[in-house]
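In the part that follows, the structures are each spelled out as structure tokens.
In the two assemblies presented below, subunit A is common to both, partnered first by subunit B and then by subunit C.
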Partner chain A sequence: MDFQVVVLAGGNSKKLVPLVSKEVPKALLPVANRPVLSYVLEQLEASNLKDVIVVVEGQESALLVGPWISSAYVDRLHVEVAAVPEDVGTAGALRAIAPHLTAKDILVVSGDLVSDVPIGAVAAAHRRNDAVLTAMLCSSPVSGPSDSGSSSGKDKTKKSGHYNIIGLDPSKQFLLYIAAGADVEKDTRIQKSILRSVGQMEIRSDLMDAHMYAFKRSVLQQVLDRKDMFLSLKQDVLPYLVRSQLKSEILLNGATQAEESGNEKANSQKNHVLLSEILANASLPSFHELALGPYGSGHVRRTHKCCVYIASGSKYCARLNSIQAFMDINRDVIGEANRLSGYSLSAHNNIIHPSAELGSKTTVGPHCMLGEGSQMGDKCSVKRSVIGRHCRIGSNVKVVNSVVMNHVTIGDGCSVQGSVICSNGQLQERAILRDCQVGAGFVVTAGSEYKGESLARKEK
Partner chain B sequence: MGAPKKVASARVSEDPDDLARNPLQAILLADSFTTKFRPITLERPKVLLPLVNVPMINYTLAWLESAEVEEVFVFCCAHSRQVIEYLQSSEWFTRPNFVSTIESHNSISAGDALRLIYERQVIHGDFVLISGDTVSNMSLTCALQEHRERKKKDSNAIMTMVIKQSKASMITHQSRLGTDELFMAIDPCTKQLLYYEDKVDKLKGTISLDKMLLADNPSICLHSDKQDCYIDICSPEVLSLFTDNFDYQHLRRHFVKGLLVDDIMGYKIFTHEIHSSYAARIDNFRSYDTVSKDIIQRWTYPFVPDVKFCQNNTTMLERQGMYRASEVSLSRSAEIGPFTVIGTGTKIGNNTKISYSVIGEGCTIGSNVLIEGSYVWNNVTIEDACELRRAIVCDGVMMKSRAVLKPGAVLSFKVVIGQQFFVPAYSKVSLYQQPIKQDSDEELEADNSSGTVELSSITGTADKLNGEVTSEVSETPHWSTSEVGTGGLGYIWSISEGGLEEEWRHSVAPIPTDKIAEVTQAIDDDLELSTQDCNGLSPSGDLKFDSNINDSEDDDNEDSRDDSIYFEKEVEATFLRAVHENIEINDVVLEINSLRLSYNMTAADCSGAVFYSMVKLALETPHSSEGELLNNAKTVITTWRELLKFYLPETDEEIEVILKFEEMCLESTKEFSSLFSRILFLLYDKEILQEEAILKWADEKEGADESDKVFVRQSEELIQ
Partner chain C sequence: MDPRRATRAVIDPKVRQVGFFTAEPDPITITSSPIRNPLSPVMIPPPRQPSESVVRTIVSPHRRDSAVPVGSYNASSYSEFLQATSNTTTSPPISEDLPLVSPGRPINDNSSRAGKIAAAASFPGVIGFDMSGPKAATVLAGGLTTVSVVVNLPPGMSEKGGGGASIEVQNDRPVSLKPLKEKTSKAERRALQEAQRAAKGAAKAGGGKTPTAISGVVTSANVKPTKATKSPSQRNDNASVVASEKKGGDRPLEKDRKKDVPQPRMQYDDMSRVEKAKRRSVVKHTEVRNRVELFRHLPQYEHGTQLPDLESKFFQLDPMHPAVYKVGLQYLSGHISGGNARCIAMLHAFHEAINDYSTPLERTLARDLTAKISSYVSFLTECRPLSISMGNAIRFLKNRIAKLPLTLSESEAKATLQSDIDRFINEKIILADKAIVLHAVTKIRDGDVLLTYGSSSAVEMILLHAHELGKQFRVIVVDSRPKLEGQPLLRRLVQKGLSCTYTNINAVSYIMHEVTRVFLGASSVLSNGTVYSRVGTACVAMVAHAFGAPVLVCCEAYKFHERVQLDSICFNELGDSDAISKVRGREDINYLDDWANSENLQLLNLVYDATPSDYISMIVTDYGMVG
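So, the complex of A and B:
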């Protein structure tokens, strides 16, 4: 398939401090002891999409991500790592790497996506509909904000604000409206002209934009070139394309395509015809054609199609874009969505590396993971947590609902609940942490007690 | 519920709690409270106008009967006597307790009507609310059952609206019934109606859905492809709601919108969509045409001309959808085209061609006449070689030979069109003069000495008319040279400026192609408009970028900018008041603090604003030279030093003051620019500003552009 994949792996997201640092960019944050980026790359490999450009914000992050990819995916994927300046936005990142984009269609995936939605299916849907844009949508994670049960009504409205507001046609194939960013909080304003031509639009607020888009390359580049103020794919490019779909300003079969060999074009058209014959759905004229109306033939109004691929509800789909999401995803990947982790569960429903050592009377509950070479003392208890490689954990330690990264030392009698402890962190005896984040290399002194704090070394 | 005839007498149920056992009642509004059918409705109520040779109200009553409604209250207002007399002589009154009439002379809207009915206390349970111009053959069983079940579960579900698939034209934005496009939002699971917009603001390219709507419902279906059938199943609460909200007039515009928008008591409206059955309301001339055609083409079966559903005469259905009643005398050479109805006792001359038309009873049509797509009512005389295209001709009209009706023409009762006269397109001809204003029918009132003036028409006018008009007419001498040709009788109603737009939309005539082309062109502009409207992004404007990127952020910025401007103004006003009324500094501080809280501003904003007001005051105090200005500033600053000082607890605020001053010197109060360093020194001298702040400010400016440094340089001396 003539698809080029761009993985936007980000840099040091401020939202994830102190989990990310100069040493650990967002792309390398561990999810069940694997960098989060590997989940996307593995999905790409499974879908046979091997031409990948990983875009990383900042030269330093690129220097960390690059070597990891080349060591892990040598011979498996053809990956280039490109560094772009920070704060150029997603659209800016694509603009920066535009010269490298050559394929007919571009698939843009966010590097923090942890999902088992077949990426190939999104690409196929894009081709099938001959769309300029296909967005992957999935149901909002049910596990989402875990404590939403107790939250009041006010929180409820706030929560829904984080989701997207999406308008679909009755066949759920076309994207007719999308509100992103600040627009979500406002009243929804639907263009009448689009509604008129479709007749019926379903507005959903329970779908999440998974930040996986397929674009027609020529269109994407035109938009990026012409609208040089567009910063974000989601907030600028997407709404723009959706809004103008009945009055397209994009040269679909214009100069750019004409340059390509006529042979290829003829082929693709033939393919399209074949496909549409096969697919009963596609043989119905879409509203885009109908919109022109019987009288519209005199002058040609260009249209383009914006499509969606809606993942089935059974698929897992989440983005690692907050500390809460980091913890949720870690928990899910060894729990309900363990098919993603690539490990097989033991009889106790957990994953313990053979080289890990457990003291006597130490219990590791279900939905836990214990990394290679980690040691645990006596009478410890681990529940619904991930513990990284080569950690040294003393006796009488309780770890619940937490993520402990690699090379962490936890002293005797510590209690860790709902917290994240980054690599090389150290907890001295009897430290008690609840809902805390401990940055890389930070030392929590003996006997101290923290609740809901972010602990990290001061960055110089 | 059994056959309606049997149960009809059991009107009051024994167990009032059991809603299901109440007989099904209906309220039929025999007045549409509009003026769309003028001038015809000046003389006869709309519900009695013949629709394929049967008065409209018969379709509605026949449907209600078939839908097992047991009791119908016919609300008559305009021409109430005509309606009542008609019903009394009709077979509907031969059925006991089926039809009863309620008469009113001063209702001007559906709201008034329902309030009156509520007062009468005749409705005991769920009822069907319908107007007398509705044609339908749907079965109510299903909708009624849904309504009752919902009502049982949720006592707030008080109304079920019947809707039907019907897509408005992309070009004219109106449905085939000639009604405006309708936008509705419906919950796809519960079918609850969430949004209703029928009077569409054409300039607004977007529909605005309240965000709370989306917060409450994960999925909403927005429809532009549904048509409101104006058949509502209501619970008795609807009537009391109309009484409680005495300003509700229109069923949809006030009642439905009121319920949806104001969310009164959490009452809910639901929809019921019908698929295979027919329901439509005759709202204007175009829907009259559309519904007539639907009847002829049998969509409304069993309410079609060849089935006897009321006292209509039997008609035979022939090939190609041609219906011919008995005793029609048709010349051999006359050609009757498809989908045409010809009423009893009509005579048609040689070589006359009639197609897609309805001809009433007792008409006389001469030779070589062409009738196409027209509606000719009863006892009309059309002389030789007349041409009628897409016109409506009412009872008793006389068209003299070679008269021509252009598409869209409407001839009201007993009009006479002179020989060879051309009635222009969309014109309306009546024996009555056009009322000057919509509701000032004084002339007419005087003429006919009828009591009440109604919005839609004049009560009693026509009652007298039948007998009197002819004589009255012949007395009027100027009609011999009338507006409608030699020997013609009638006035041509002028079409008001804005009305022309409506005329072609609502006329019986199809929309002419040039209009369509015009509107198609307009759509493109419209689309552009809506694209811009939506997010301020000009489709082609590469140059306009700066003004409209990230509309949302701009908005937010604007908001905060606005806020700070308002805040500054408020502080200034407070300060000036303090100056003029000698208010204690402590009180001023109190006031400014409360302002600060209400605008959510920082201490630095306050110090900036206070300083701004002080400098403004100094500037506005009369002065002739720079020196005086400086003196003014000195006095103000000395007097109000304490106030300013209060807002300068730290260096940060002091820097803010300097920055503010700098900004003012550049923008609003340029007069001070030359005095910058001196005032700065003054502030320093009065211990308002500390050395540290000035030095920090100078430091900050070190890296700035050359243009920004003007003032730093000016005060270099001071700094050193």
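So, the complex of A and C:
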């Protein structure tokens, strides 16, 4: 269908420290014991998109991500991994791989997206409207666990950064305004020209930008070339395109058309104009055409279209861009959105690998996951948690609302609530953790008690 | 009113040949080239073969008795048929002509059905094929990609069901033709031809009913059941061919007659056929529950469910060209409407598709491209029923493909076709519109009050041109819900400085007394002079007729169709019934909101209507004006 897919897999996001480290880049963070990147790749595979360019920030991360992809997706996907220097931003990353982009349209997907929104729908909406940019929006996820768990104060601070302010036209097809909620302090400016031509703008803050965009390649490359200050797709490129949609500075097909018809005879050029007029008159006029006002004849001002695809509420869509989101997604993927994980639930609504060993009187509640080769002692209780592969958990351990990665050792009598314990972490006897993050290989000493802390080994 | 009605009763049934009809710019209709897949613009040519038809035919036991010669006869005479010059109208090839249509079809949707077929591959027929036909296996391995091997298995299986060596030929047929030609020696072919001739004689003697084991009749009869389940459209073809096969001598005549008669359309009140069509279709349709009794035979779907479904399949539909897909989406979402625009958009999409087309190995461009275009067309039909103008354009294109000289290289052929498409757009639409404008402008005088209904591109051009010429006239734009197409037209006219009046169709009888000319557009003009156009046109024309205002219908000649239609019922299109029950922007008067599911409410949103020729004073075409 003449689409090229670019997955921006990121590098070591600072927001996710101590979960990410040199050994585990963001793309490989486990969600239900699968790297988060696999969700995007599998979604692409399901959509029959087999040619993918994965862009990773940092050479070291690329060296970790590349081999994983080639081992997991050999014979399934044709993936090229490109490493870009850190801190070039998403726009910079696209700039770096621009020579490899050849298709008519480019689909840019964030590597931390966990969703089951049909990718084809975004692409189709893009094509149907002949848009320059189509952004996928989904309803913002409810942050924080629904029942007990993390502190509510934290939720609020997290949430304020993630909601977007989005202006839509009445048909909910066109994007008129977009800003990150954090950038908007008290007031914001909306262009009069857009408002005037649309007549009515709907401003919503309950939608989240899912970081899945379809771009017209020629336009994207022009913007990236001309505006070399642009760093981020979301913060620079997107608002720029939305802002300038009625006074477009970019050359659309119009340029090529003019060249073509220039070579032809004047007569046929006239026919061409007539033809495009027939087509334009027959199609439903969007506000772009109406914006020309009573004087415009359609060829004076240039416009381009920025469209949105709003995912239906029944679809799951979340981005792993914070520790809280990491916990939420892990919980959802084995819970309500378990169709994403690809595992089938047991009768008890949980997923326990056959090779896992449970001690006597140990209970694993619904919406839990126990990885391959993990052992649990007696009288343990696991609720709404994910436990990775080859973990050893002693007796009388309580794990609630937590994520325990691979090869973690938890001593007897520990209690873990709302926490993340990274690979090779070690909890000695009777440690009590609440809302903590334990970095890779960190050892929590016996009997210690932590609350809301981030525990990690000091670098070097 | 009464006296006229009496006269109408006399007039109507008579088929009127409107003057220019002999000069119909579509010589295609009469040709009988063997490859042409006749496509009436209103039919849904369903590409999909319901998977169960494969299964069903496998188990039918009597297939076995059709022994080796049958299959090989089929193939060898087929290859002979290939050798023959392109335009054979002699009797034998027609039965071979039939299977030809099929190979392209299954391939188009192979990706989605690969699973089913793979499952079907475990049938004994396939095993028999593997063991008994080693030669065939090597041929297949040589010339094919894996996908098409999988896909091409079922026809052979379904026809023979483990019937030994004959399978090899059946399988080869859609795959590769040339190796086959080399394989069968001349003597063999001759022998088979003899056998076939003898068999046919025997068949004719026996009333054409008894299935003699080695006769060609059996072959065609064997083909028939598998095909018949495949599609209603082909069923018709098959029936005609089988029938003519039996009659022998008068076949060409029979065939011609078949071509003249418009193909029966899919009747949507026939539940079993609808089910079959549904299984094949790419676009998922949910039928509206409460349909108006009189219009049950027309497709009516719940709007709003198709688009998301089709969109989500965007990348799965591999064989569909992106440009075609885009146009289909735009039809479905109502982005493009209007006969000319839809036709142009479709032709542009085909233009692009041909540009990206490359002939697969061991296929000829003419056949493969025709099949491809057919699959595109069926997709577009599922998105929205084709307009008659589009049907004519498709016919033109297919005819051009069929007429391509075999000596042409692929790139030359593609370039020829593309220039043909461009020429069609230019001559039949653009220049035709210009000619219409020049003709019609002579009918506009200073001081005229012109009435137009809806939004017609031709009428708009006429009005603008007359304005440019400095004629002093006034325009009344009559509009109707739910599409309100007149508003954009009005907007453009006012922008250009014409003085306009805008009214809704319910006021047409009040405003008509001041009108001096009525200009209407048309979706199609039928051979009895009936104008088939946007719903409401008939009403406007009748009111104008009653007031004595001349009605001029502007219609490009490529929109003419040889069909005869007396009412708006037997062929029409049903729009979204929600569109008439809801009023946008007026939440306060949406009384019908949740009534759609009520048993005793049926909503009818007709898209077209037929205006009898009595109410039309003149038809303006690119060839002149016909009164």
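One rule holds in what follows: the second predicted complex is superposed on the first by the 404 of 460 C-alpha atoms of A that agree within 3 Å, B and C clash if a C-alpha of one lies under 4 Å from a C-alpha of the other, contacts with A are read in each partner's own complex, and residues count from 1 in each chain.
Simple rule for what comes next: a residue touches a chain if its C-beta (ideal position, glycine included) is under 8 Å from a C-beta of that chain, and two chains touch if they have at least 3 such contacts.
Everything numeric in this text was worked out from a predicted model, so none of it was measured.
*Asks:* Which partner does A:243 contact after superposing on A: first (subunit B), second (subunit C), both, neither?
*Replies:* First partner only, subunit B.
*Asks:* Which partner, subunit B or subunit C, is in contact with more residues of subunit A?
*Replies:* B
*Asks:* Looking at A:121, would you say it contacts subunit B, subunit C, both, or neither? Reply first, second, both or neither.
*Replies:* second
*Asks:* By the touch definition at the top of the document, which applies to A:365: first (subunit B), second (subunit C), both, or neither?
*Replies:* It touches nothing on subunit B or subunit C.
*Asks:* Answer with first, second, both or neither: which of subunit B and subunit C does A:48 touch in the superposed model?
*Replies:* A:48: touches subunit C, not subunit B.
*Asks:* Both subunit B and subunit C contact which residues of subunit A?
*Replies:* none
*Asks:* Quick one: which bits of subunit A touch subunit B in the complex? Just the residue numbers, please.
*Replies:* 156-157, 160-161, 165, 167, 181-183, 185-193, 195-206, 226-231, 235-236, 239-240, 243-244, 246-247, 249, 290-291, 293, 295-296, 301
*Asks:* Show me the residue ranges of subunit C that touch subunit A in the complex, using the header's touch definition.
*Replies:* Spelled out, the residues of subunit C in touch with subunit A are 111, 308, 310-316, 318, 322, 325-326, 329-330, 333-338, 340-342, 344-345, 425-426, 429-431, 433, 455, 457, 460, 488-489, 492, 494-495.
*Asks:* Taking the touch rule as given, give the residues of subunit A at its contact with subunit C in the complex, in rising order.
*Replies:* 1-3, 47-49, 104, 118-121, 123-125, 127-130, 268, 271, 274-275, 278-279, 281-285, 294, 312
*Asks:* Under the touch definition given earlier, write down the residues of subunit B that touch subunit A in their complex.
*Replies:* Residues in contact with subunit A: 167-168, 170-171, 173, 181, 183, 185, 188, 200, 204-215, 217-225, 516-517, 520, 523-524, 526-528, 530-531, 534-535, 537, 539-540, 542, 545-546, 549-550, 552-553, 555-556.
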